[in-house]
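So that you can tell them apart, the chains are marked A, B, C, D, E and F in the order they are listed, and the count of residues begins at 1 in each.
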Amino acid sequence: MALALEPGQLSLQNEAYFEKCREKLGFVPNVLTSYADDDAKLSAFAAFYNDLMLAPSGLSKLEREMIAVAVSSVNRCYYCLAAHGAAVRQLSGDPVLGELLVMNYRAAELSARHRAMLDFAVKLTETPHLIGEEDRAGLRRAGFAERDIWDIGAVASFYNMSNRMASAVDMRPNAAYHGQAR
Amino acid sequence: MALALEPGQLSLQNEAYFEKCREKLGFVPNVLTSYADDDAKLSAFAAFYNDLMLAPSGLSKLEREMIAVAVSSVNRCYYCLAAHGAAVRQLSGDPVLGELLVMNYRAAELSARHRAMLDFAVKLTETPHLIGEEDRAGLRRAGFAERDIWDIGAVASFYNMSNRMASAVDMRPNAAYHGQAR
Amino acid sequence: MALALEPGQLSLQNEAYFEKCREKLGFVPNVLTSYADDDAKLSAFAAFYNDLMLAPSGLSKLEREMIAVAVSSVNRCYYCLAAHGAAVRQLSGDPVLGELLVMNYRAAELSARHRAMLDFAVKLTETPHLIGEEDRAGLRRAGFAERDIWDIGAVASFYNMSNRMASAVDMRPNAAYHGQAR
Amino acid sequence: MALALEPGQLSLQNEAYFEKCREKLGFVPNVLTSYADDDAKLSAFAAFYNDLMLAPSGLSKLEREMIAVAVSSVNRCYYCLAAHGAAVRQLSGDPVLGELLVMNYRAAELSARHRAMLDFAVKLTETPHLIGEEDRAGLRRAGFAERDIWDIGAVASFYNMSNRMASAVDMRPNAAYHGQAR
Amino acid sequence: MALALEPGQLSLQNEAYFEKCREKLGFVPNVLTSYADDDAKLSAFAAFYNDLMLAPSGLSKLEREMIAVAVSSVNRCYYCLAAHGAAVRQLSGDPVLGELLVMNYRAAELSARHRAMLDFAVKLTETPHLIGEEDRAGLRRAGFAERDIWDIGAVASFYNMSNRMASAVDMRPNAAYHGQAR
Amino acid sequence: MALALEPGQLSLQNEAYFEKCREKLGFVPNVLTSYADDDAKLSAFAAFYNDLMLAPSGLSKLEREMIAVAVSSVNRCYYCLAAHGAAVRQLSGDPVLGELLVMNYRAAELSARHRAMLDFAVKLTETPHLIGEEDRAGLRRAGFAERDIWDIGAVASFYNMSNRMASAVDMRPNAAYHGQAR
């Protein structure tokens, strides 16, 4: 049972943001409505999220979604696996890849770049206190620049927050995600 | 060895923010300078962080710092333990409390409210997939309202991000923290 | 890369079994072809499997498939999650239930009977040495008879074998499973 | 307290099997009597078990028993450690080896072949989702053929089932095992 | 391969102690010879050990040996399981009890007193940071006095040292232990 | 709430020992008063401890204290972290080093010798059953002699005892430690 917070008054900017979601996706993702009892928190979350997942980066949007799913699989987050699993299926055009990352990314046939990227993200998720210089060196050997390492770390870290927030307040994914891009 | 990202051009707003840090704290926390190669990321992070830790809430600022330290202790994050351990010592006026939360919060003599709050934050950190309705019910029995549960979840989740970001790029705490409020 | 064992000569009985699979399912499940280099092993496995999953029992076929998926989720077995996730979607007519059991069965809204059944199966999977009389008593309180407890134990135990066999030899699920009953 | 299932009517074939056990071992192993309330399940289990442990294989019978004990030690299965520990003592003529595999196989002075075999079996037991191509390559380097890798995987997987079944229904080993071949 | 430390010159007192071992046990336990390159360390260890295991206590000598085995089973210490398993068999006159504590003490049919005692010892071994007042209260309910709680804690803690020392330097048990009191 | 054992009659030798503590440290460490209800146990503990931490060794006193803190950090022992963290700050003249070892020794910039020493101590603490010849070989490569390996093992093992004893009876550190050598 999700927390019962009353939706608050949205600013014009956030009303417009929700409207844009409805146009593009057909619905407002439940993670956003869950923040909607507090307009300032919604704005801060949305700005942070949009920079992370959509701003220019050495990582493609698909790569950022792949990290999201691999991390959420470790944390067994229902909300994020449903939403970002759909995104991987959509962006990759490969419905099986989305499934595989939900189940066990090690069973997927990944490029060396993607395997290194997900190995780092998963180690950072499971045992952050063991991450050291040799792990960053591994990313460099796989071709990632310093800024890319930051971005891999930032996306993996963000979903460690988001997975836990979803569990803390029992966020439920929009039903639409399940059937997308199968 | 921390990532070597070149500091970028800061906006006037962020320049002013750094200046305010220097006035109030005597230094700019290294977490902020680590974001300073990308002004947009710095702004998004700072807005998100300041809402979380400083905005009005059913949780006091000390309580939010206590959660930060208990979570960072599980993840063994050097940066966050140094910085937020200092904050607990300062806000509580109890240097031993700061130490205890770094070492093992279960050894501290806490009120039932604080024990319930930290038990939830630590379970959310260690096994987010096991958090369920009975855990939220436990917080309600300890006197927390729905909005407070959100805030406990949000602070605990944030430090699960922040701890990992610090590990990913090897952030180092400012030397000033260690001696503060002993 | 799966083991490269040469398919052997099948007995008439096993040829007929494969033919029946092709008729009913449209394909022979890869787990069966993986045993097909040794007719005796294939026969022993098929007999054991069919008794377990299809013979009369106090557990419905859907319930046995639910246990298969919950156990395979703990062990992160790609083959079994793909194949038995499809079976749960099909038998339940509820595509979301299949997804949920793959991701985190605790997030599903289950009857008390099903929650008790899966809690037992997952504890038996994760920490078999901690299973004791109080766990069996819990199943009895949820309405399960002695024979049902045996069957829950037997199905959960079987998938702990099957998950590991699939990992040991890198079994790959038939592509058909992914799109079934979405 | 073991499950109280009524023994059922045995087929002539299974009566003969029990009689052969009494002649050769002096008793019917309790695992078999525990299946004896359902003649079909007993037959399926016995056929599967006998193929696994007694059929021709690149692994000797002792090697299969060594895997059984190392896996059962991880899962702390009293029944299997008692029964298969006795088998290792008997087949090896080395009572200390049986003890060592029960306690910690890493303390035994094993050939490179046996160490590789048990390392694979134990990793497959503890973290099946981490088994990958490099683990199979390790077995090949230790001299194992493809079919042997299957057999190591099959025996290790089987005891992951059997250990859990014994825990689920609280199977108790026959008293005779304890003193055998000391 | 055990550490190769040269045996040193023993004091008369320690010579006499070794002689007494030979008379009573037929051999000097290897743990004592492993300390014999440094007479002062041997004296300190022997005094500490003998007070712990032999001095008057609310715990019988058998109970102290039971704790030794249960703790050593968690840590999978070959030396201590061989030596103290033999002691439990001898002191209890029950060879199966010794086996059971090596394999999984939860499978033994223990009095409420002994179950509480071993549950505390094992929790103290696995997760010392989680031991709290409620665990001590459990021991009091099972009839243990304050001094007994100290002694349970002291014996369990000692074997957490001893198990690790044996692993650190690869101590090997005297061959005589294996066959004793079967 | 610590155990309430009545202080007993101390021998002259132990009275003198306490007096010497008061002179040198300004107080008697609470670990010693906790043993003071039984003069024989106090003597045995003190003799064992003083040999371990103060006798000549290839390890400096600071190195022994570093091991004490790294081990106590794994076990999250409040008493030992407070007392030995202070000792590291004092002996090293580096207050930050003491903090770092409490929080996460892997974040400290250590010599290869010290990193190898603490890696061994921490592995011995977390997974003693996995310590093998290759771990001792690692210490030899870092320049440690056989006797040093014994001493590293002995100190790490001792704090695995001491941490658990402190948890078992809820020992509390003297208040004086917290402010020392900051």
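The criterion applied here is as follows: contacts are C-beta pairs under 8 Å (C-beta built on N, C-alpha and C of every residue); 3 or more make two chains touch, one makes a residue touch a chain.
Keep in mind it's a predicted model, so treat the numbers as computed, not measured.
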Chains contacting each of chain B and chain E, listed by label: C, F
Chain hops separating chain F from chain B, counting only touching neighbours: 1
Farthest chain (mean CA position) relative to chain B: D
C-alpha-based rotation, chain A on chain C, 0 to 180 degrees, nearest 5: 180
Chain D-chain F separation of Cα centroids, rounded to whole Å: 44
Separation of mean Cα positions, chain B and chain A [Å, integer]: 22
Residues within chain B bordering two or more other chains: 76-77, 104, 129
Pairs of chains found to touch, sorted by chain label: A-B, A-C, A-D, A-F, B-C, B-E, B-F, C-D, C-E, D-E, D-F, E-F
Chain D to chain A touching residues, read off their complex: 129-130, 132
Residues on chain B engaged by chain F in the complex (per definition of touch): 76-78, 81-82, 95-96, 99-100, 102-104, 107, 175, 178-179, 182
Chain D - residues contacting chain F, complex: 104, 106
Residue numbers on chain D that touch chain C, as the complex places them: 1, 3-5, 37, 40-41, 43-45, 47-48, 51, 55, 75-77, 124-125, 128-129, 131, 133, 136, 146-147, 149-150, 152-154, 156-158, 160-165, 167-170
